[in-house]
Amino acid sequence: MPNIQFDADGRLKHFIGIEGLPHHLLFKILDTAQTFINPVDHTIQKVPILRGKTVFNLFFEPSTRTRTTFELAAKRLSADVVNFNMESSSNKKGESLTDLLHNLEAMYADLFVVRHHQSGAAYFIAQHLSPQTRLINAGDGQHEHPTQAMLDMYTIRHYKHDFVPLKVAIVGDIFHSRVARSQIYALSTLGVAEIRVICPKTLSPVGIESMGVKRYHDLTAGLKNVDVVIMLRLQYERMTSALLPSECEYFRCYGLTHKALEHAAKDAIVMHPGPINRGVEIASSVVDSPRAVILQQVSFGIAVRMAVMAMILGLYEQ
Amino acid sequence: MPNIQFDADGRLKHFIGIEGLPHHLLFKILDTAQTFINPVDHTIQKVPILRGKTVFNLFFEPSTRTRTTFELAAKRLSADVVNFNMESSSNKKGESLTDLLHNLEAMYADLFVVRHHQSGAAYFIAQHLSPQTRLINAGDGQHEHPTQAMLDMYTIRHYKHDFVPLKVAIVGDIFHSRVARSQIYALSTLGVAEIRVICPKTLSPVGIESMGVKRYHDLTAGLKNVDVVIMLRLQYERMTSALLPSECEYFRCYGLTHKALEHAAKDAIVMHPGPINRGVEIASSVVDSPRAVILQQVSFGIAVRMAVMAMILGLYEQ
Amino acid sequence: MPNIQFDADGRLKHFIGIEGLPHHLLFKILDTAQTFINPVDHTIQKVPILRGKTVFNLFFEPSTRTRTTFELAAKRLSADVVNFNMESSSNKKGESLTDLLHNLEAMYADLFVVRHHQSGAAYFIAQHLSPQTRLINAGDGQHEHPTQAMLDMYTIRHYKHDFVPLKVAIVGDIFHSRVARSQIYALSTLGVAEIRVICPKTLSPVGIESMGVKRYHDLTAGLKNVDVVIMLRLQYERMTSALLPSECEYFRCYGLTHKALEHAAKDAIVMHPGPINRGVEIASSVVDSPRAVILQQVSFGIAVRMAVMAMILGLYEQ
């Protein structure tokens, strides 16, 4: 990912991936997000920062939930939000994607939030935008999902305060996960002591060690003494494919139970990007235990998305 | 319905059903609704009462119209509204309903407006909410539809001023109607002189007399001297089932015509929750006559829903 | 189109068609639109002119793009907007269209934006509205699409300043085009020197000369010395019908290329209502040349729709 994310003055312009973003910028996003959360009751006030701005949600790959979090973040900033239905529009009418984008820009769109099933789609679209339009990648193929990674970093900082001494394990289908990729870049840049991935051999990416990551194929070995456990969602399409024997078998080997969690540090937290498959990648009792900070991730996600929106629209210090 | 509708201080917290709500609370809802309506031109101003609050419409049973009335009520109160598409989300991804609800709560949802095809669904959901989240039942199975009943009460008070001397007849498919149930509870609590139900024997609920209601199977006998006639919508699925011989036959026996209406009090009003089947449960000429106050019900409905929203979110005196 | 568009004082009340609208009113719309556009950076500020008003988009014929432009225009004026899904509602439940409309009016709808596949639908609906409700026709069958024509006039005035000396050519499927009809009425009323239509004989309307239009079946002859070239979109259903031999053949004869454009005036502008079929009715290189003002049309469209909304809701001088 080259510097298309930055403008000529080195300010963040698009938010496409964590790869290549400097340490101070990640911290600035976390700090900005924090200003939106009331420290006493943890609520988020509606603020007029993006009043008069227009945010388009362009979800080529449907995701009601993620789209809603961006919609809510934009509305909390007082922006107008349009959920543009990509399926009923665009290329059905023989129009090219870039023509559609330029049309939406001409409607005074200030920001596109883009999700796409193809890796690189967010980058491709950003390349074709006019100078005044901004883009946030809400997940592209198996490439990156940067706002998810940043809300995860927010959650880790909230509970652990300092990144440097931490051992973090990411568990599950690392191979297909844009979430894992973004998390690894973020954790790396923020300087955690150790990043581990724990996965079956069939779901293990080639050459991941070059990202400074330790690979484990045994859950309890991988969890040993970690401070943070990040579970990944097991996609249904994996379960039914040749990559995995069965749901049951997966849970037996890689499902997070209280027993497995005993190998982690005593105060380890458990994270998950949702939606959860209870009994597939994680035991129900772990989800419902105080170790799990899964719902807090969702709440922090609103603030983090507000921060990124405000920053790239130039309305916040970077 | 136990006291889950109330908080520890006896304040209304959820609005699930009319059953068990005290007289003074029903009046408070009506009085609060009245404050939103300009007495001169009957318009409703936009007010900032719910600014910064987020209302989620969760319609498991689709109803564009009812959902729109809640959306408009929330927007008049300056809330942000999310119409969450239940069909494209939730359990398709293997996630439980309660996990989905907790996720939406974590997005700072303040209020869920829930419609569901199963009786008791609103109650079930309310039981699983966090203490700070509120719920309004927008119709659950054959149980209750309390905001509909309250807008009906508002309409009756608007035209008749006092509930006590009134004779009210509800006509149609009493057996399957959540609207009728809620109306009977409300009319009972508000102390009307007489509640009658008029219906074919096949659509007559067992033991309804225990609710203090008189049952009629003959339309003209049932309408005799009533002050208010509430027609129910005949659902298509009833027409084609074994419960009714045919649309024509139903109209001949239970359709409200001007001739039938002559048996009611001279100044009787005619109500209907909509959408209307002209020529099935009600003659077109009655719908278009000044006796019908059906569109006024719709308008009052916006104010009543605003009142309930404002009250349960604790921003209005109860 | 009779005077249903005007109230008793001769003020514009509905915006159904350009036919019959006086010269000064068209200018007033253009002038009002201009006040919304910042002359320096061409942005449009959000203004509170329609705060508390409710706009319903009623699109019987789906069009995500056009609907979005009206949604954005309404939101820039601070109105509340409801995108009412006509397919999932209305006559499926056995309810008549007029009953549905009266229901939506009773929800305090101030303005309906209506698109319909049948010519005359907007007129029909306007006839059935209550005195306080307003309507904008967003395209009805092959009748009119008046806001499109007005944004085209805005674009022409922006680039050419004066209508009187202009020669304007409209190229394509004139026969089926509501856009062409509205444009011809507008150009006529605004007094351009010459209006030409250029089309295959199979897509040529009978008796169009009575509208004061010159007909051409040869592209280069028709483009000779024109100041404005308005291309029409070729609908897919035409391409596959007996009316046209093939896409390729159509492009060879009527597709706008740089070569064809050489016959027009040196500073001629090229317009298109979108979405564009590149290589069908217009060459890609023409779309991307500085002669094309197609995206500017989209931007001006927001301001023009704001102007019409503000004017017919009585909040702006006419």
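Structure notes:
Chains here go by letter, A, B and C, matching the order in which they are written, and residues are numbered from 1 within each.
Just so we're on the same page, a contact is a pair of C-beta atoms (placed from the backbone, for glycine too) under 8 Å apart; a residue touches a chain by one contact, two chains touch by 3 or more.
Since we're looking at a predicted model, the values are computed, not measured.
Two copies of one chain, chain A and chain B, touch each other, and the residues they use overlap weakly: the shared fraction of interface numbers falls below half. Matching the C-alpha atoms of chain B with those of chain C calls for a turn of 120 degrees, to the nearest 5.
For the pair chain A and chain B, the distance between C-alpha centroids works out to 42 Å. For chain B, the set of residues that touch two or more other chains is empty. Of all residues in chain C, only 51-52, 54, 80, 82, 84-85, 88-89, 93-96, 99-100, 102-108 touch chain B in the complex they form. Within the complex formed with chain A, the chain C residues making contact are 43-46, 62, 64-65, 68-69, 71-72, 75-76, 236, 274-278, 280, 287, 295-296, 298-299, 301-302.
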